[in-house]
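Next come two complexes, and both contain subunit A; in the first it sits with subunit B, in the second with subunit C.
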Partner chain A sequence: MKWLNTKEGGIFLILIALSAVLAVRSPVFLTMENMIDMLKTNVVLAMMAIGMTLVIVIGGIDVSVGAMTALVSVLIGKWMVAFGYDLSVVLLMSVAGGAVLGAINGWLISKIRVHAIVVTLGTLSIYSGIAMYVTGGIWINNLPQAFIDFGRQNLFGIPMSGGTLAIPIQVLFLVLVAAATGYMLKHLRIGRMIYAVGGNPLSAERAGIRQDRVQLFVYTYMGFLSGLAAFVHTSIYRQVDPSAFTGFELQVIAAVVLGGANILGGSGSVTGTLLGVALLAVISNGLTLTHVPSFWHKVIIGLFIVTAVSFDIIQRKRRERRLAKIDVLQ
Partner chain B sequence: MFGIETADEGEIRLHGRKINPRSTTEAVRLGLAYVPESRQTQGLVLTQSITRNLSLSVLNRLTNKLRLIVRKKERQLAESFISKLDIRPALADMQAGQLSGGNQQKVVIGKWLASSPKVLIIDEPTNGIDIGAKTEIHKLLRQLAESGMAIIMISSELPEILSACDRILVMRRGRMVGEFVNDGVTQVDIMNKALLGAPVSSLPEGGASA
Partner chain C sequence: MRFSLYEKVLLAVFLGLFGLFALTAPNFLSETNLKSMMVQMPELGLISLGMMVVILTSGIDLSITYISSLSGIAVAWGLVQGWPVPLAIAAGACTALLCGLFNGFFIARIGVSPIVLTLGSMLLFEGLALRVTKGGSISGFPESYYVIGGSSVGPIPLPMLFFIAAAIVTSVLLNRTVWGRSAYMLGSNPTAALYSGIPVRRVLIYVYLFSALMALIAAVIMTSRYNSGKVDYGSSYLLLSVAAVVLGGTSVRGGSGTVKGTVIGVCIFQILSSALNLYGLSPHIVNVMMGGILIVVLVANYLSEHIKHALHDIGRVLTGKASASS
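Right after this comes the complex of A and B.
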């Protein structure tokens, strides 16, 4: 059980312990319906968090993710109302639109060298402002029936006692994104470059790696995933609310940090982030099921983040101290 | 010289061909390698394993037709350099940050040897590492030079220079002030030039700001 000693293993154990407590406290928690429900509500968060993992691994931050998703949702919503639904057109439009928005962030950060938080705070305001302007703040409701039908599909049904259990089609998108991104980080050159730039930008540059290109790629990819998330989100809720993602970036970043990524860059993984999302999902689902007033949810999630990160830092320091001792002994 | 800063004046020739790298990426492609003075801040990614540090400058050679990194090739590369340079402990998956100074330096050198450069520029190679590792690194540099690699060592440690170099160029405030062939040169000769030397009018070949 070597993997239990890793960061991901630790998060997994916490997740299991928490789930066990909830299973005892609430009879609903462990039902398949509740699980599927949790999965469906968090698919979008998970996809965006996977993109954010890359951003955080290179030591950056992107607070415009929610605004990007909102703007792309508005874009495809308006398009479908005007021109009708065609899967390939709408899907392509979502990812291309998102990638352009992300590339604008990436270009400002890597070429003009403005700090990531300043750039993305600015574009957060710009992107969400445009989304509000285009819609006048009003929801887009009359989406084409074909699109609504698409969003209602299930991948496959699992026969269960008391009906069949259906996996919603949106889960497929998450699986593909997670697999592709995980593979990229592990096996492609760009993955190595991402970790190197995040771990030590100067060493990476000396090794002939262009930091600006890696940054541009990562922020564009974040935009690409935000666009895809917009498509998936719209297919779940069948309407577009231009302000649905206000403040969502905090949840995305929280999931990545809970998943064990170092906010200073250099470490983080898709598996960890997925566990972080699961942890957030289980906490808020559990609080709802045990009837904790919703105002407390944010406080408790905040406490979790602060505790988890502090614990991680204390452990790291302890490890370093042990190392120092070995050095002296030699 | 490695494309980090552009030269104020002078030119760089490699095999008689004028080169002018404007980025480190270009310098690497031209066959230059630069082992920086500070291995922790400029040389290594401390949070990554020895293997990943060693493979960083040669990722394009470890890929297959689909441009995917072949783990096995990477592993072989790492193992071969760990044994060639006698990196201890010989654990390919160990984090670079956990190694001693001398072994960290060996990883940095190994990383660049993996790119099989024509010219190796090495800045203060034995700064802050123990005597044993120092001798090993000197021996290694000597072997490399004998195998035909051009090595430019930048050092402020005179005994090291005298024991390791064939040709010595003395620089003072960014200007070349003296050139020696290392036969019977003493520390005093070098210090005289370094402290009192007037700029040499004709810049020797290879001289430029790094």
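Right after this comes the complex of A and C.
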């Protein structure tokens, strides 16, 4: 059981323990409907968190993700109302639009060499301002029927006791994104470069890795995923709310951090992040099911983040101290 | 008062914009507009001062606006219970300092990175503030409390005087005290600071306490000005305060920055938002422009450095020193 000793293993155990408690406290928790519902509401968060994992691995941060997603949803919403729906066009537009917005972040961060948080705070304000201005803060409701039908599709319909097991089509996007990103990080050159830059920028540079290109790639990829997330989100909710993603970046970052990525860069994984998203999902679902008033949700998630990162650091320090002791004895 | 080159440029930008707006924006120089700018500015200004001291130590405090709203709500709660004004403010101060201590403890003692920790504590403080207000607002304060936000000494509103005092105190603390110099050193080189015997942890904890205190003063002004306490008061100042501090020349990597610069940065953002409002622009476009200005300043900073380097290199080539050095 080697995997239990890894960071991901620890998070997995917490997740199992938490789910067990909830299953006892609420009979609804373990039902198929609730699980599917939880999956569907967190697909968007998971996709964006996967992108954010890369950003955090290279030691950066992107607080404009919510604004990018909002702006792309407004873009495709307006487009579909004006010109109608065509899957390939709308999909291409979302990912291309997102990638352009992300590339702007990436260009500013890698060329101007200003700290990512300052740049993305600026673009957050710009992107969300444009999204709000274009719509006047009003929802776009009259999306084409063909698009709505697309979003309602299910992958399988396996009849089961107490209903049918139907996986919403949106989950397919998440599976593809997670698999592709996981493969890229583990097996492709660019993935290894990302860890190298995050782990030690100077060594990476000496090994011949262009840090600015890696940064540009990562922020563009983040934008690409935000655009895809905008498409998926719109297909789930079948309307565009320009302010739906205000403050969403914090949830995305929280999921990545809970998933064990180090905010200083160098470590983090897609599996960990997915577990982090699951943890956030189970906590908020559980709090709702056990009728805890909604203002406690923020308090509990806040405490969870603080405890998780503190625990991580205390553990790391203890390990370092143990290493030092061995050194002295020898 | 001595200004660095960057601060002189910034001051020129401020004066230029002020002149431009005075000529073009309707009623910019009217008494009402000047007064309302002076009433609004202290809130952003105080939060920016708190943010600046944190950024000096290469940290960031994402929770500062919620410390402000939580402590404001504590004051409001106390006032509604019928407590005398000083006691209510003391309750707010305790709340703010506890929040600051919470941040400081985890960042300085445990060593959690400021951005993650304050992200967590931001949710925590927001949740607690929601718990107290249930999402609504607390109002019904005694008359004597409105004096803080509503009265003025001569032509200058009282909040502005608080801000000026706070700026002077911050400047003195940063430049003339051991704590202030230590904060700069901690920001520019934490390892060196540790090995020169600076009590790094204590200095950091005081930094977060200081920023919480600034948040409290802003909260008192806000609650008094709006006659109520509410969760989202001041939440828009987070982005603006970071922007004003960075515009003011403080390095996000820590170790350098001045109170003068931050104050000029705040002034620029204030006249911009007032003038754009007077032009009748949509607040969303104002947001776009604020973000745009932040980025333009960053790019301009980068370009000017590059040009300086290029000129330097050309100079060296011309004087024939290029081959000898580097």
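One rule holds for everything that comes next: the second predicted complex is superposed on the first by the 328 of 330 C-alpha atoms of A that agree within 3 Å, B and C clash if a C-alpha of one lies under 4 Å from a C-alpha of the other, contacts with A are read in each partner's own complex, and residues count from 1 in each chain.
As a convention for this text, contacts are C-beta pairs under 8 Å (C-beta built on N, C-alpha and C of every residue); 3 or more make two chains touch, one makes a residue touch a chain.
Since the structure is predicted, the reported quantities are computational estimates derived from the model, not experimental observations.
> Going by the touch definition up top, name the partner, subunit B or subunit C, that contacts more of subunit A.
The partner with more contacted residues on subunit A is C.
> After the superposition on A, what does A:Gly208 contact: first (subunit B), second (subunit C), both or neither?
In the superposition, A:Gly208 touches subunit B alone.
> So in the superposed three-chain picture, is A:Arg189 touching just subunit B, just subunit C, both, or none of them (first/second/both/neither)?
Only subunit B is touched by A:Arg189; subunit C is not.
> A:Arg321 in the overlay: touching subunit B, subunit C, both, or neither? Say first, second, both or neither.
neither
> Taking the superposition as given, does A:Ser125 touch the first partner, subunit B, the second, subunit C, both, or neither?
Only subunit C is touched by A:Ser125; subunit B is not.
> With the two complexes superposed on chain A, say which partner A:Val257 touches: subunit B (first), subunit C (second), both, or neither.
Second partner only.
> With the two structures laid over each other on chain A, which partner does A:His291 touch: subunit B (first), subunit C (second), both, or neither?
The answer is neither, since A:His291 touches no partner chain.
> So in the superposed three-chain picture, is A:Val299 touching just subunit B, just subunit C, both, or none of them (first/second/both/neither)?
A:Val299: touches subunit C, not subunit B.
> For subunit A, which residues count as touching subunit C in their complex?
61, 108, 111-115, 117-119, 121-126, 128-130, 132-133, 137, 250, 253-254, 257, 263-264, 293-306, 309-310, 313-314, 317
> Going by the contact rule at the top, pick out the subunit A residues touching subunit B in the complex.
187-189, 192-193, 195-196, 199-200, 202-210, 266-267, 323, 327, 330
> Note which residues of subunit B are touching subunit A in the complex, please.
Going by the criterion above, the answer is residues 2, 4, 23-25, 27-29, 34, 36, 41-48, 52, 55-57, 59-60, 63, 67-69, 71, 98, 100, 111.
> Under the definition above, what is the set of subunit C residues touching subunit A in their complex?
Listed in rising order, the residues are 60, 106, 110-113, 115-117, 119-128, 130-131, 134-135, 239, 242-243, 246, 252-253, 282, 284-292, 294-295, 298-299, 302.
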